[in-house]
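The letters A, B, C and D name the chains in turn, as written, and every chain counts its residues from 1.
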Amino acid sequence: MSSNKIRVGIIGASGFVGGELLRILLRHPNVEITVATSREYKGEYVFKIHPHLRGQTMLRFVEPDIDKISNSCDVVFLAVPHGQSLHMVPKLLELGLRVLDLSADYRLKDPEAYVRWYDWREPHPYPDLLKKAVYGLPEIHRDELRNANLVAVAGCMATAGILSLLPLVRHRLIEFDKIVIDAKIGSSGAGAHAPRLDLHAYRTYVVRPYEVTEHRHIAEIEQELSLAAGEPVKVAFTPHAVDIVRGILVTSHSWARGSVTEPQLWKSFRETYLNEPFVRIARDKTGMHRYPDVKYVIGSNYCDVGFDIDSRLGRIVTFAAIDNLMKGAAGQAVQCFNIMMGFDERTALDLCPLFPV
Amino acid sequence: MSSNKIRVGIIGASGFVGGELLRILLRHPNVEITVATSREYKGEYVFKIHPHLRGQTMLRFVEPDIDKISNSCDVVFLAVPHGQSLHMVPKLLELGLRVLDLSADYRLKDPEAYVRWYDWREPHPYPDLLKKAVYGLPEIHRDELRNANLVAVAGCMATAGILSLLPLVRHRLIEFDKIVIDAKIGSSGAGAHAPRLDLHAYRTYVVRPYEVTEHRHIAEIEQELSLAAGEPVKVAFTPHAVDIVRGILVTSHSWARGSVTEPQLWKSFRETYLNEPFVRIARDKTGMHRYPDVKYVIGSNYCDVGFDIDSRLGRIVTFAAIDNLMKGAAGQAVQCFNIMMGFDERTALDLCPLFPV
Amino acid sequence: MSSNKIRVGIIGASGFVGGELLRILLRHPNVEITVATSREYKGEYVFKIHPHLRGQTMLRFVEPDIDKISNSCDVVFLAVPHGQSLHMVPKLLELGLRVLDLSADYRLKDPEAYVRWYDWREPHPYPDLLKKAVYGLPEIHRDELRNANLVAVAGCMATAGILSLLPLVRHRLIEFDKIVIDAKIGSSGAGAHAPRLDLHAYRTYVVRPYEVTEHRHIAEIEQELSLAAGEPVKVAFTPHAVDIVRGILVTSHSWARGSVTEPQLWKSFRETYLNEPFVRIARDKTGMHRYPDVKYVIGSNYCDVGFDIDSRLGRIVTFAAIDNLMKGAAGQAVQCFNIMMGFDERTALDLCPLFPV
Amino acid sequence: MSSNKIRVGIIGASGFVGGELLRILLRHPNVEITVATSREYKGEYVFKIHPHLRGQTMLRFVEPDIDKISNSCDVVFLAVPHGQSLHMVPKLLELGLRVLDLSADYRLKDPEAYVRWYDWREPHPYPDLLKKAVYGLPEIHRDELRNANLVAVAGCMATAGILSLLPLVRHRLIEFDKIVIDAKIGSSGAGAHAPRLDLHAYRTYVVRPYEVTEHRHIAEIEQELSLAAGEPVKVAFTPHAVDIVRGILVTSHSWARGSVTEPQLWKSFRETYLNEPFVRIARDKTGMHRYPDVKYVIGSNYCDVGFDIDSRLGRIVTFAAIDNLMKGAAGQAVQCFNIMMGFDERTALDLCPLFPV
């Protein structure tokens, strides 16, 4: 392991997102993973908890300790539950580390929004850091990411929601006050310490709505789409648990401003995504596979987007499919990291979707 | 088998809906199944194709033959593909039989609608029969069903879509021009002779949009909701295949007329469904199970409905969950049959959902 | 609720087996469920925890209290974890109740066996009760069940294992020292309070061996097969978790004593099971469904058995498929209860398997 | 694409195995895929049939034409149904190509075995080619693979079966006449043109035995284990369909020769597999993951093996878990190809299992 590799720490490495960061970064030619923390499994071999990594690494989990981390890392990925990054981030930054936070703690620009959406008692205590934090969605913030010290990696639902609507919003093709996002998500989003309802026998065979009107990712989606529009955009959002482990499909229903034609839609999607390495436009008039489907992105960092016009009613339907652990979390974090570090954005992310699965 | 039982024929008995009709009617105390037809499996024991029925019946499949059917049946259930009922129905009616057609061939009142929605070259050739046919959804047409000779059993998606919105439409709580129905459905809807994309390896792990703007059940839903409203109601409808076998959940997103309160919603749902034996209002403020979920209706004739208000945006979200083979097909057909025959509506339908599955 | 109904208590009613007992007994014409206990959910409506029962019962959970139970019940079903029945059973019997224990606490006749197989520190403290307890498998102990006051309902794996081999053992067709049972089981066997490995994301897509040589049900299987053989029978047993919720398939591999013919196998299975209301011989030479499959018994009390001869090697392969919550637990318990009470054995168990699911 | 790359053709590229070959070989630094054939989809973009490959290749399917193939390829992978390779192989070899045949047509050394196991009317017509063909299982035939012109890539079930038993057979730890292999396999093994029983609604929720005594892979397993033993080894084999898409777990039950200790087992496994790049010994005394499980190898070329002793009965239980499309087909073929070509055996196969899935 050459000394000119970036030394990376993964805080919260025993969960699903931590496992994905390991899977990706173990193959990153410019990275040496020096620290993987887990309070629950400290001292244990990483492959005992992530049995797919058997034979891939002899790394052991250590307890999270800011001093040790700062001595042995250049960059830290925080894959910890919401609320736990809050006070770690300023410490890590002060110690000169660069941080990619996969929690929600630095995603929202408005300190009050944490009271509104995350039930915090007080506004966010580090408003300056909120300003400095770059929202980790390269399709919108690539330039700012290049010099970022703190990246607040976009949420999984938010990534799919934003990318499904970004072309329509940028090109002002739809009305901004009656947008509906109907999302479907697998069980891995709930994490490795999920509650009883996520037991296999309870979680199979579901199509289960939850947080029907108040899902927290609404805040991110509205923040970013409003930024793209230059005016307030509101989204109504309802997620549903479905019987898969990985994957999110969002279906966005919106209403055309005046008459919108298919060539206009094509143009908006092409202009937005033509040079994006991880966005594929999946939209065919014929054949078996005409729209995005989570089945075709599993294991990869792709976001497949697609669209159709309901010309009878003036509705525009758009789709985005992602693997929530990849483009919705670990893959996107590494994409941001590559941009921060000046590496080719695709390094270690050239992972083909696994099909069929 | 006493002679005062109703003699019932099932045309198209080797498919999934045929199997469900058998499962239900074999336990119906007032029914004797005299005919079960299958061209493909004629001569074969029914339990060879429906192995769950082993030990339940020694019936054999016969070829569909109108004369034989008319001699041995009083009532016929048609569980055949769309288009195949069209000319059978008048013949069966002329021979004095009563008919429950589970195909779409007699559901729409407007003969031209078959050209528009079903790609028929000509309008429906029996407009008088369309008038006589009763749309088989007891929650709307119970009284007409009592004396019906021809029932066009409601479609699976249509049943869920209509029942999710009926209270809002009857009580005029929502705007009628921007209703979105986002549906999720299992694989059994595609039938036992489905194409390659329905192979297990292709059909697992999907969240797959299809017929995104032009699904045929839109015609039924608009017909019935417009009837309930007394004015045209339009619905935008997008279905998604998900990785379950049975079950439909529809999520209906609509926009409140003025301000709508939760008590108003409760009132509308209670007034519409309080006396309905197969509609359960699943709406809890706390606990693990707050909204309808397909998991809780599998194997039963229940339609679970629920709702919520997105007061921030004036959106109303409603849900309906059904087992597509039961309340979406065979169960509903038997419910209609019971009403037609003057039996207790619940006869042979007192089937508890199977949980967990 | 007429006073000549049997008053039944279900202790441990919030788990999956408890839910199945409720599903079955709510439809039992001779039963009134008077008590359903749950420490965790006392005071809560039963349907809040078992959402499929919404609309079926307004029963509430109560805390388990022996005195209250004894005052309001004639018969008690114990659906509690292993070890918790041990001291409740003698108390309930002393109070004059009849007991069906679904735990393992009274299944083994040898008090020492609990030290060997269940890691108890001491032998079973109630050896007299072990003698009185009837092993709850009607296919072997129907006559003793008729007057039983204490039934130790057979284990799920044990039921399938024993029934797959009983004809071979009774007819002495196989060698008794090299029997292999390879079992496959769904997730509901782990119960509603299962550990992290039973979370959906961990439990999907598994074919996972566990307790590879020391599964506790071996003790029951050997006890009952030795009884049937009149000499010691040993079984090697290895279970595997598979990605379904309900269901067990056991595949039993054994070696013929001398040459065994197919007619001999047929004879042994027919003689053993011909009059059994819940055992179906699923063995066809042609067709799509030639052997037992869990898919065809889900939701029912059936045990499907089948067999084949590997004449090249002198191996006999037999199968048994059950729904572990039904014939493997709640269904079998009610079957035993019906026999105890002198009811038709099939009362409330005339539940057709749900197919497809 | 540099001219010093190996030009590779994939015959039968539209199926699942073809898709995996594409997924792997598109990333192989020494390979240029020049031909991908499909009769059904000729002219179509590959990504239209393999939607996960969208954005990865603009290759189109062409019709299989021996002359064109020979002009544009150095090496050919045959991913065609059994029987279709038979006459193509000699033609391709005559034209100077090197061939990796993924069908069974050249796996068995005994020409008569095709009559016995594959129902051919005549013995294999090319016995000389059978002799030249190298059985494509690197763990046994690595040296012969180096100069092979024809590789008969091992079958999926056979690979798992052989690797689960090879250490025991080589070290003569078990009796060779009473070996039982109980296999569990996903749906992708049935291919992309599978019959009705492989439709999703029929194939979910199964634990379904099939070809219970006469599975064709027995011939390969016995051939290779007998070769390893230097004397005849017989295996009794029963496969089961389970509700996953990828993956095979075999559980091999055998009986110890005299007393066998755990250190002896460890020694036999270590000696057999220590230097194997794709075999992992998964055997832990503690922790959550003690034995092989298909869940931990999905998407990779790993074969995880494990073992335990049933000392009470003298049974030895061994396991092997593979992804049937990878180590059971495409991955193994590329591993053989790498050896043939003198590349590092792991080239393009450094694919981490995807977890959780």
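Everything below uses one rule, namely that a contact is a pair of C-beta atoms (placed from the backbone, for glycine too) under 8 Å apart; a residue touches a chain by one contact, two chains touch by 3 or more.
None of these values were measured; they are calculated from a predicted model.
Student: Between A-D and B-D, which chain pair shares more contacting C-beta pairs?
Tutor: Higher C-beta contact count between the two pairs: A-D.
Student: Farthest from chain B by Cα centre, which chain is it? Let me know.
Tutor: Most distant chain from chain B: D.
Student: Would you mind pulling out the distance in Å between where the CA atoms of chain A average out and where those of chain D do?
Tutor: Computed from C-alpha means, the inter-chain centre distance equals 36 Å.
Student: Report the inter-chain centroid distance for chain B and chain D in whole angstrom, where each centroid is the mean of the CA atoms.
Tutor: Centre-to-centre distance between chain B and chain D: 46 Å.
Student: Mind pulling the chain C residues that touch 2 or more other chains?
Tutor: 16, 188, 196, 201-202, 204-205, 245, 288, 293, 298, 356-357
Student: Quick one: in the complex, what on chain C touches chain B?
Tutor: Residue list for chain C touching chain B: 16, 19, 23, 26-27, 48-56, 188, 245-246, 280, 282, 284, 287-289, 293, 296-300, 302, 304, 350, 352-357.
Student: Report the residues of chain B in contact with chain D in the complex, numbered from low to high.
Tutor: 16, 186-188, 190, 192-194, 196, 198-205, 245
Student: Can you list the residues on chain C that touch chain D in the complex?
Tutor: By the definition above, chain C touches chain D via 177-178, 180, 182, 184, 196-197, 201-202, 204-210, 212-213, 234, 236, 238, 240, 242-244, 247, 249, 251, 253, 255, 288, 290-295, 298, 306, 308-313, 315, 317, 319, 321, 356-357.
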